[in-house]
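Next come two complexes, and both contain subunit A; in the first it sits with subunit B, in the second with subunit C.
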Partner chain A sequence: MALLRPLDKLPTLDVATILLLGAEETPLEQLGTAIIKECEGTAKVQVHVASCLPLPTDRECFRPRIDLIVFVLSLHSKYSLRTVEASLPHVDARFFLGKVCFLVTGVRKEPNTSIHMDAVRKMATAYHSPLLFGDLEVECFRASVAQRLIQILQICAGHVPGLSALNLLSMMKPCLELTMQET
Partner chain B sequence: MSTREADLSPVIPIIQTNPLAWKMRQITSGFVPLNWKYGQNDKEELEYAEYNESEALCRALEHIRMVKEKGSVEERHLRTVEDIAWKSGLAPEDIDTLLDVVLSGPFAEAVKNRMLKCLIPATLIPESAVVRAFSRLCASNCSNNTKVLFCRWLIAMFDFIDGKEDMNSLYGFFFSFLQEETMSCYICNLLYLLTKRENVKPFRVRKLLELQSKVGMQPYLQALLSLYKSFCPNLITISLPPKRKFYFKTTDSIWQAAVYIVKERNHKSLLPSVKLTIGTAYSHPRKKKWNSGCIIPVPTSSHISKEEQDKEGGSSSLDVMLSGHKSFPLEQLHTFSQLLDNIQNIELPSQMCSVLKSAPLLHYLNCIQDETVWLRLYYWMSQELKEGCTWCKVSNYTSEEEFRKFLDIIISAQCFLQEGFPSSEAFLYKSLPLWDGVSCRAEYLQLLSWIPLGNFSEIKPLLCDSLTQLFFTSSIYHKCSVLYSLKQLLQNWLLWHAMEVSVKPTRSTSADTPMIALNSVSELISYVGWLSTIALRLESNSSFLLHFILDFFETVSDMYLNYNLPLVMMFPRGVFYPALLTSDTIALNHLCYIMYRYRVNLTAAKENELIRQERLKFNKTYQEFNEYVTALVDCLWTSTSFEKDHYLYIDPQILEKTKIREYKRSLNLINHPALLPYSIYFLLQGWPAEKELSLSSIQEHLEDLIISRQSSAIWILHRTSSTTVASTFDKCMSPCCMS
Partner chain C sequence: MELNQQNPAPGDIQDKEYVVDRKDKIIEECEELWKQMEKCQQEIALTGGERLNPSDAQLPLLMMRLKSLTAECNQWLERTPDIIPLNAENLVALGKEELQKLDHDLEILLSTVQSKNQKLHEDLRREQGWLDEQEELVASLNEICKELKNQVIPVSEKRTLLELKTKMTKIRRHRQKLLTSLGEVLDKHFPLPEENGNKKRKRECQPNARLMTMHEILEILINSLLHSPHDPYVKINDSFWPPYIELLLRSGIALRHQDDPSQIRLEAFHQ
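Entry: the complex of A and B
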């Protein structure tokens, strides 16, 4: 089946899986290594890396349930944006209830961006998913991005009692009025 | 560049690696036997050779000065001069002579250019020589190429000129040369090095802008305009593109090696310090590299004071002479009393940023009426913050450490002045979405606590959205740091409000209370309450986090009495109940203290007019408080929290399955997990002989004591358990329901 669905497989106990999707392979692999290094000792984390969707069907049965998809784009490469846009239709709508996030790199080298920041922001708002900024080239920034992704992953995989992915999403989105919130 | 050089002197080929320079290096490094040129191969005859050399130089210069045209004799003399210049440099008087000859002599252009190229100083270049040469340049009929070469020479040797005051007074003349196309970029470079704040005048700005409209935004024009803007931002209203690293070519190829060698040589021999009277910092080699901006210089005076003038015998600046008073030299301003004595004579330094490190100058800044001073400071600060921010931009010249120190300086200045700078606020809003949550965390979050008091609904979209996103996706330490900064922000707002109220003459709180402060503070508190509730859920009621949250609400509870703000707000349920049912003694203690402070504040607030008028709004607060106190007492004292209609009601059948025998009393003062150590301590103190300790025996012991001596039981309770918990009960046991 072409669509990637969030709930069509049973979860593995104490394991969380993250899928990193982006055009360039090296930064994704480096990020994956950083993620695994950051969460040593706590629940096991599996990192899958892909360059586009749909994922190949021959290994479908060996693949675990995916808890969080991270789309990685670079502000300097239109190709990365196009890859992400091409992969988005292959994701089931229920994933966008908190299990997807966009990661934008290359903000630090601001002057020569080929993609405007607004285009990325509009895409994140249209798909109702959080937008993170990070630089994957420098090690310390990569480590902090990895830490943040692990926090989100723990919630999406259901390892935090009392909080679901949708809950987190509704808290991170600014459109909700604070005065109406039940404290 | 190279074609130009070829045009200048077809006779002498100019190549990057000048053989003369190479020879110079060789000689100074000592590898080649000295004076082989003069046929002396013996080292012992060195002194004689040197004497011979200077004599040769004198003769050569004499001859050149006298002669009318170039012949073979002159060629030999010229070569002597060149050699000596490249080998050991020319003395100041010789430079003077040579400059004279170059700019007014009858030689051909090629010869003149040759002479200019060999003008390498041994130590210093006298300013008078430069001034005289420049005046000859203006008056005489030199070719364009000579003029350009002279400018280039000036730029290359700028650091060796021993004073810049006279040159600065000729600023207008230098400026007029901007018209000439060939010279404009070098003149811009020269002006860039010479400019002081007094030179920035509106008509000059207009001229530059005219020039810019003719030739477009050239980098050299951009450099000069940026410099003008940093001195007087009010004069230049156009927006300039961001700073570049290099505006001008670093050093001219002709003199590159020579300059380096002379600098090295001078560094080795102790030179008399070149007194820079310009108010700029001496740590700026502006020609070479763009200023590593995070270095804040020591404040220096922009004018020489009268005593120094008399000492030097140099010409004083016109302004000082006209104004007739001497300005206090800023280097000596260290204490407040000095400031008070000399407050009439303080002139602010040209480098505004240097005030940030000096406490008396900050005091002074607070008093003056001139708004442009603040504009200058804010402009410089916003530029530096933008350039130096390590996560917004790849900056090659600031590391995280330097940026952290820079932020520290800004924060201590804000703390000293007790008010926030708008440029740091703007920087915070711009850089927060891009922040990774880790770099410079402590300093960056302190910027958060200096946001000026304003409409919270305006601040919210800029600040809260990115802060929230970061807050929920980061570690517990980050969350605690953010909560701490928000507490300080609240305190600052409350202090500013309290100050405003005390300054205003009327004490009536109904109409004059600034509503903005009230609304903003209440919105901030509800925002933090919301953040705390979710944070506790995310971190599963960690006591470390609870400590910071309760700290915040301790400030909130005393708002009415301490800061005179007619507002009492309760904390949310999501904070109260986890704190009540915690297993951490300190958290429970803190909670009880906060409840006590709330009670005091609420009782006092009943007298307040405004609150009486707005009964409907504040009723909710009183109801919430009643609910919390009832829950507290139920839990800790009367042990009725598990009964029907109370907050912890759970179906008894389910509770029986837990197999806890006395679940009803499991959360009271004696059995509460947080107070367990105190119960045991009580038993050990009162009945040390007993071998079996059981908590239920406390109850029996207490009942016995209560029958016999009621007061002493309370006294024992006071002594052994946490005093505030006990005192809360004392006070809460008195009629506590209010409406």
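Entry: the complex of A and C
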């Protein structure tokens, strides 16, 4: 089975690539367009959208180096959690040094969620990756999530001099602290 | 790899060559870096990937993080910062930047100081206005104080007593005048019935007692009212001529007692 590796290709000059992974297509596409709209003029960003890993091998040579993977989960759909869990083993271990983050949507709706927040938190702490919360349905919130992702992407692609993805990860607050405080 | 500083030679052609040389040098440097990157990338590609077990991922991940962080740290320690070649153009550009920053900061400073100045001017103006008002107040109060002092000093005890005495004598004289004139008017206009009048009427009235003049009737009434206000009623006896009593009653000068018709009193005009 093919493994998605962070440094298996040379980087494209001045371009940063982000991969959005999630079960539902439309929110991912909307988020992708929002990201492209937000970074108009500043930097070149490529957005790839997929529903599960492994990525199809027939287009392997055309694909650029992936700088950031975002796993998109919805708190109301167990299916999304399962797809993410199924895709995680296909990611190389080196990606989890700051080039992966989890995005959770649907937190603002009524509290009867299918997935408990703890399950998501445990997954984020198990992989030591940052957990972001965002609402992808309202446009202005989508734009702010896009801005956040662009910031992280710039750092992960190495476009920010002096700051590496690992530095960013070390500076972010880990999820583990939160759960320990709660329990 | 460091850039060697070439001495700028005079002449246009040589300057252009110098510029081109520098560009080439930078491009050379970039090419070198790219080749290094390709080498490293090939080595990485050869090492192969590592799969993570989801249930048991934390420890290997943390170990990997530790290793990478120490490697990065060492890299940072080894690296010496590259100096940008200090030639005239770079210096000029840097200098321009610094001066622009300075100019911007000074402008901000200027605007803040000006606004502060304005505020202070306003405060000064307001305070000045208040001060003027207060001073006017003080001046007017001082004048009033002086006037009052001037009025107060001439007043002494003797003077007040003398003034009171003169007032009293004046009032007494006035009172006397009033009473005498009242008596004259009464005697003139309200005389006692003469003996030359109708004998029949006289006999009807039975004037046994001596009749009092209007003056005397009024005197009795006034005295009784003033000296005994709790019991101002005067009993009518035969010395009161009935027509005069009727006149007094009808004109409202005297009032009859509620229960006893033979008692009258003077109307209390002074109350």
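What we mean here is this: the second predicted complex is superposed on the first by the 170 of 183 C-alpha atoms of A that agree within 3 Å, B and C clash if a C-alpha of one lies under 4 Å from a C-alpha of the other, contacts with A are read in each partner's own complex, and residues count from 1 in each chain.
By our rule, a residue touches a chain if its C-beta (ideal position, glycine included) is under 8 Å from a C-beta of that chain, and two chains touch if they have at least 3 such contacts.
Quick caveat, the model's predicted, so the values are computed rather than measured.
S.K.: Check the residue A:H128 against both partner chains and state whether it touches subunit B (first), subunit C (second), both, or neither.
M.R.: Touch status of A:H128: second partner only.
S.K.: In the superposed arrangement, does A:R5 touch subunit B (first), subunit C (second), both or neither?
M.R.: It touches subunit C, and subunit B stays clear.
S.K.: Touch check for A:P161: first (subunit B), second (subunit C), both, or neither?
M.R.: In the superposition, A:P161 touches subunit B alone.
S.K.: With both structures superposed, pick whichever of subunit B and subunit C touches the larger number of subunit A residues.
M.R.: Of subunit B and subunit C, the partner in contact with more residues of subunit A is B.
S.K.: May I ask you to decide whether A:E40 touches subunit B, subunit C, both, or neither, giving the answer as first, second, both or neither?
M.R.: After superposition on chain A, A:E40 lies in contact with neither partner.
S.K.: So, A:R94: does it touch subunit B (first), subunit C (second), both, or neither?
M.R.: second
S.K.: Show me the subunit A residues, by the header's touch rule, that subunit B contacts in one structure and subunit C contacts in the other.
M.R.: Touching subunit B and subunit C on subunit A: no residues.
S.K.: Which of the residues in subunit B come into contact with subunit A in the complex?
M.R.: Listed in rising order, the residues of subunit B that touch subunit A are 391-394, 433-434, 436-439, 460-461, 464-465, 468-469, 472-475, 523, 526-527, 529-530, 533-534, 537-538, 540, 572-574.
S.K.: If you look only at subunit C, which of its residues touch subunit A in the complex?
M.R.: Listed in rising order, the residues of subunit C that touch subunit A are 37-38, 41, 44-45, 49-55, 57-58, 60-62, 64-65, 68-69, 72.
S.K.: Would you mind writing out the residues of subunit A in touch with subunit B in their complex?
M.R.: Subunit A reaches subunit B through residues 107-110, 130, 132-135, 140-141, 143-145, 147-148, 151-152, 155, 160-163, 168, 171-172, 174, 178-179, 181, 183.
S.K.: Under the touch definition given earlier, write down the residues of subunit A that touch subunit C in their complex.
M.R.: The contact residues of subunit A facing subunit C are 3, 5, 7-10, 85, 88-89, 91-94, 96-97, 125-128, 164, 166-167, 169-170.
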